[in-house]
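The structures come next, written out as structure tokens.
Next, two complexes with subunit A in common: one pairs it with subunit B, the other with subunit C.
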Partner chain A sequence: MPALLTLCTILVPWLGAVAIWMLGDKRQKTVGPVAVTFSVLAALAALCLYPFATAGVVVSIPMGDAFGSLSFRPDGLAALLTVIATVIGSLAVIFSLDYMKGEHQLPRYYSFILLFIGAMAGLVLSSSLLYLFFFWEITALSSYALISFNNDDPKAVRGGIKALIMTQVGGAGLLAGALALFSATGSFEIDQVLANPVAIPAGLLAFAAFGFLVAAAAKSAQFPFQTWLPDAMEAPTPISALIHAATMVNAGVYLLARFYPAFAEVPGWKTAVIAVGVITAFSAALMAIVAGDIKRVLAYSTVSQLGYMVYAIGLGAVEAAQFHLLSHAIFKALLFLSAGAVIHSVGTRDIFRMGGLGKRMPFTRLAFVIGSLALAGIPVLNGFWSKELILEAGMETGPAWGYILMLAGAGLTALYTLRVTWLVFYGKPREDLHVHPAGKAMKTALLPLVIGSIFSWLLVAFVTRVSANTMPYHHMEAMDITTLVQEVIMNPGTLIALAVILAGAGTWLVSQRVRFFEKSLGWAVHSIQASFGMESINDAITRLAGFAGEKLRITQTGLISWNLLYVVIALILACIYLAVGA
Partner chain B sequence: MIIEPRLVITMAVICLVGIGIYGLLITRNLIKVIVALQILVKGAILALVLAAELQGQIQLGQSMALTLIVADTIVAVVGLALGLQVRRRVGSLDLRDLSKLKG
Partner chain C sequence: MPLKHFSTLLILPLAFSPVIYLFGRVAGSLEKKNTGPNISRWLLMGVISGGLYALVRLYPVSMAGEKVRATWGTVSFQFDGISLVLIGSTLILGLLSTLYSGRYLAGETGEEKYYALFSILIGSIICLVSAADLFTLWLCFEIMAVSTYTLVAFHRQNAAALEAGVKYLVQSALGSVLVILGIALVFGERGSLALDTLKASGAQTSGLLAAGGLILIGFGIKAAIVPLHTWLPDAHSQAPSGMSAMLSGVVIAAGLTAMLRALSALGVPASVWGCAFLTLGAINMLVGNLLALRQVEVKRMLAYSSISHIGYLLTGLGFALYLGVINGAEGAFFHLMTHAIMKGLAFLAAGAFLFVLLPHDGSHGPLKIKDLQGAAGKYPLAALTFSIALLALGGLPPLAGFMSKWVIFTAGFIAKDGWMTAAAIFMALNSVLSLAYYAPVINRLYQRESSDLVKAGSKIPASLNIPLVILAISTLLIGLYPAILQPIYQLAGKNLLALFF
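Moving on to the complex of A and B:
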């Protein structure tokens, strides 16, 4: 049974992708419902799979000696991420019915979403590093194709290519790390590494650990690769909600969480992970404060929240990271989808042109406000519990500078969420925009997420128990609701954090002028808006590559005589080598 | 002094391959390039026969040489036909003028 369900979560979306591709451009009307059918079926399969989560491999397909077998292992972490990918995937597809109505080339859109959902399930379920890498690259490909979906728009194409190139750096790190582990253990099986990391030579293990850190940073848009995610916001909004908030960007966090037991003892690795998380979480929160595009604010906040998860893994609080990943996937998908409803309605993403939309879009306002409160960490929504757990872990075990910056980051989070909510939904309308309320399909997709944002933390007992039972190497502890509530409420850290969060929110209330931060922070704003100079480093690298290409062009004469000369020289060198070597 | 047949063939191989490569390096005329290529390949075929003889498998070498001669003829025919088309379309057989695909 688990074997069948595991295969279903991957193959059903892929079959759907093929089916939609076969339907083609001529039947534009039918592709939406077909996509919904396949994605909902995959979500049901994943939900049924979750109770069957097990530590063992359930499906194993032999692929020849060199590659090991294509095997899947639905343990607690993998099954949870599969559920997130397929359920939020199906909600995004349902949302797209309204959002993408009347667009051209819809089959391309839906088939790439379904390809992505299947690949994401495969990525987390795969028990072999090699196939994990393959699925990892398929998700990167579909992310690129969907960011650039509006291929008439040069910004969308640029954003897509940027995301593709920067995540490829991560792919290279993953491949290098995987090959290092393969050279030590002779197999790509992940469990073999986790079971006995001591058997691997320390140098190779450290190489793999830092390779995987690069991979995770690039995929999850962590420092210094954080710049691709805001530019990926040119994608249609359901794509941003699904790929760039709820699922694909979690792949990096997943990789770190999965390999934590093996890498925890590598000297310097935990500190490096903590540093990456802290720097990202804090700087991205600053960038979110001055961003003027509703989707970019959300993108920076995604980067920042992913930083919290990476930080938690660096502290060893894998269950807190996993819990925050679940909460974040739900409330950030909710925020993105309700932002999508707003954008679809008013036709702009500039928050300075919006304002006072709440009265005319009451349901969207309700959804967005609940999502914002969860993101800000206001009790008793799901974001509150998971963020408190991370901050407590930081207070107890982490370095003080990390904890203080993360605490400040939590305050900044409250500040920018309140700012964006206020600018969009409250106050007086700043411009006369044509507004219409969200459609039926949009509301259908938003409602489960609203409920999830309020109640998903009640699942903590179930989720941690499944993880504790099925992940033998992570030594997780099952945590029931009463323990969670006691631990959070009794902890002095909660009060401190709440005070900081309220202070952050209060800052906005005191100074609620539209462009307050842009004016009062002055010169600092420019450097923050330029991602603290990371953008210019990227530009310098691209320019260097272009320059080198221009210079190397002279070696390509296109004349057969010259090319033959190189061949002859190589032949002579080979002969000399053979003569000397023999 | 008895001239060893193998030595003669070795010298012939070196000469043919050398002439072929030299021709390819210096000529800019497409027809001459094809001629030089033919000479080069003939040297290679001779080398194949020689190698087979040294290994004591002369039948294998001869049958492969025959196959190569057939294949090589096709190369020459197609090459000359392409040369003719190039002459008609570009108006010259100079290799330096054939740079349309250069990036």
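Moving on to the complex of A and C:
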């Protein structure tokens, strides 16, 4: 049964992708409902799979000597992420029915969403290093294709290619790490690494650990690779919700969580992970405060929240990271989709042009506010519990500088969340925008996420029990609701955190002016908006490659005499090499 | 029995070349237009199919580890795993490319010559990759070169094509001279030219080392090793597209194979060549990719990408020769096969666009990347297959290029040698760099606004589409289940290591 369900979560969406591509551009009306059918079937398969989660490999197909086996292991973490990918995937597809109405080339859109959903499920379920990498790259491919879905817009194309290249550079880290582990164990099975990391030579293990950290940072938009995610916001909004908030960007966190038992003892690795998480979480929160594009605010906030998860893994609090991953996937998908409803309605992403939309879009406002409160960490929404767990772990086991910055980050989160909510939905309208309420399909997609944002933390007992039972190397502990509530409420850290969060929110209430931060932060704004100089590093690398390509063209003279001269020079060099080398 | 099939394979295409020409010529002058070329084309397809049949019969023999040897007087040929890889790629790509060329070249003067020369090209590659002595090797290499000079300049009314042909001729001829000098040196030192006797006899001398240098550079020109690659962008982009597919897909790889066979006989330690290959591979990857980055012409970009792919092959071979890691050789031969498929597909798809978007007589300018804008709307199949080819070349799963590069990568790590690991990572980063020029082409194809050329374009005929579909499906299948080709590249890898160690 688990084997069949595992295969279904991957193959059903993929079959759907092929079917939709075959339908072609002439049947724009039918592709939407077909995509919904396939994605919902995949979600059902994943939901059925979750109770069957197991530590064992359920499917294993030998692929040849250099490829190991195509094998899948639906344990607690994998099955949970599969559920997130397929359920939020199907909600994004349903939302798209309204959002993408009237767009062209829809088969390509839906095909790539379904390809992505299947690949994401494959990525987390795979128990082979090669196929982890295989699916990892397919998610990058579909992310690229969907960011630049609107190929006629040069910004979308640039954003897509940037995302592809940056995640692929990180992918090289995953490739190198995976092969280092392979060269040590002689096998591609991940469990072989986790079961006995001491057997791997320390140098190779450290190489793999840091390679994977690079891969995770690139995929999850962590420092110093965070710059691709804001530019990925050119994608249609349901894509931002699905790929760039709820699922693909979690792959990096997943990778670190999966290999934590193997890498925990690598000297300096945990500190490096903590540092990456803290730097990212704090700096991205600052960027969110001065962003003026509703999707970019949410993108920076995603980067920042992913920083919290990475930080938690660095502390060894894998359960807390997993829990926050679940909460974040739900509330951030909710925020993005409701932002999508706003953008679809008013036709702009500039928050300074919005204002007072709440009265005319009451349902969307409700959804966005719930999402915001969860993001800000206000009790009793799901974000509150999971963020508190992370901060507690930071207070108890982490370095003080990390904890203080993360705490400040929580305050900043509350500040920017309140700012964006206020600027969009409250106050007086700053411009006369044409507004229409969200459509039926949009509301259908938003409602489960609203409910999820309020209640998903109640699942903690179930989720942690499944994980504890099926992940032998992670030594997780099951946690029931009462323990969670006691642990969070009795902890002094919670009060401190809440005070900081309220202070952050209070800052906004006091300042409450439309462009307050842009003005008061003065010179710092430019630096913050440019990702603290990381953007210019990206640009420099791109320019360097282009420049080198351009300059190298001089060597291609097109003159035979030059060509022959190269041959003669090469001959001389070859003879010198052979005379010296052999 | 195996000998009969091997002899058929060696003789059939070369022997039938004049027949193809004569039949085409005679039928063309008697009957109405187009009959002649059609007869030539069907004859060539028949010849290739005959070759494929012989190859299929030889397959189990070579899988059993037996090397078939054909000897006539002092000339001898040997069929092993390396020959199997090269001959298989040549015949399959040749068959599809011939089918494709029918409509592509319809109505051009001298079509029957094209098929006759094509037959010689295929025959010479088959002989080249099986040659068992240095002189035969050189002779076949020359026959191959001569047939390609004329095929590159097939559109001889087009000045650019002619220029490309002449440059190719001059540079390649210099290479041939270097090779024959090298062979003369070997003969002077050892008094023999048979590859296996040479390998068995005595230690290296300075004369043999010099011969090694001459052979490396001489064959290196055909294999497009930087800085000897300067002829390639012109030649591969100016040739008729079916021929570009052959040139990029198999001819440069045949040059590389000839080099390997010749170098293996010199008795120089393999690690010397391994080290050289790793260095040259790194240069090839980087230079090819950087030069491709700024290209605006579709076929020229693909030609530069071939230079970088030769770099990947050299890296794999370098791993194999430097420390004797068999995965490197396996990966290189696997990538050789997938590259033939992917690059063949890319050139044929680009050619299909060229065929429908620009005038047919070869007098037109090159196809620019911007001309492809929005082509997916009107030509969904060609756009999809072209995208598959580009993504596969860029090494994205679930396509063939990902898997063959993966095997090369594994080799870089198995030996746990710092330099080899660095080379593998450098190769991975180059693969990423290559996406920077493949991806924008795909974005262009799928724009909604189409270019004027696309709006005015005609329909792509089925005989052009069929090869595209077959190659695209193969790319996908190999990516999903790479073990299909495993026995073949493993055998070739084993044979290569046996040549050098």
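By our rule, the second predicted complex is superposed on the first by the 553 of 582 C-alpha atoms of A that agree within 3 Å, B and C clash if a C-alpha of one lies under 4 Å from a C-alpha of the other, contacts with A are read in each partner's own complex, and residues count from 1 in each chain.
What we mean here is this: a contact is a pair of C-beta atoms (placed from the backbone, for glycine too) under 8 Å apart; a residue touches a chain by one contact, two chains touch by 3 or more.
Computed from a predicted structure; not experimentally measured.
Chemist: In the overlay, answer first, second, both or neither for which of subunit B and subunit C A:M490 touches.
Modeler: Touch status of A:M490: no partner.
Chemist: Looking at the overlay, does A:F182 come into contact with subunit B only (first), subunit C only (second), both, or neither?
Modeler: second
Chemist: Can A:I560 be said to touch subunit B (first), subunit C (second), both, or neither?
Modeler: Both partners, subunit B and subunit C.
Chemist: Does subunit C touch more residues of subunit A than subunit B does, or is it the other way round?
Modeler: C
Chemist: Using the touch definition from the top, say if A:V169 reaches subunit B (first), subunit C (second), both or neither.
Modeler: second
Chemist: For A:M1, decide between first (touching subunit B), second (touching subunit C), both and neither.
Modeler: Touch status of A:M1: no partner.
Chemist: A:V510 in the overlay: touching subunit B, subunit C, both, or neither? Say first, second, both or neither.
Modeler: Touch status of A:V510: no partner.
Chemist: What residues on subunit A does subunit C touch that subunit B touches too?
Modeler: 553, 556-558, 560, 564
Chemist: For the complex, which residues does subunit A have touching subunit B?
Modeler: 553, 556-561, 564-565, 568
Chemist: Show me the residue ranges of subunit A that touch subunit C in the complex, using the header's touch definition.
Modeler: Answer in residue numbers: 24-25, 62-67, 104-105, 108, 130, 134-135, 137-138, 140-141, 144, 148, 151-152, 157, 160-161, 164-165, 168-169, 171-172, 175-176, 179-180, 182-183, 204, 545-546, 548-550, 552-553, 555-558, 560, 562-564, 566-567, 569-571, 574-575, 577-579, 581-582.
Chemist: Which of the residues in subunit C come into contact with subunit A in the complex?
Modeler: Interface residues on the subunit C side: 166-167, 170-171, 174-175, 178, 204, 206, 209-210, 212-214, 216-217, 220-221, 227-228, 230-231, 233-234, 268-269, 272, 275-276, 287, 290-294, 327, 330-331, 377, 380, 391, 396-398, 402-403, 406-407, 409-410, 412-414, 416, 421, 424-425, 428-429, 431-433, 435-436, 439-440, 443-444, 446-449, 481-483, 486, 490.
Chemist: If we count contacts the way the header does, which residues on subunit B are in touch with subunit A in the complex?
Modeler: The contact residues of subunit B facing subunit A are 21, 24-28, 33, 95-96, 98-99, 101-103.
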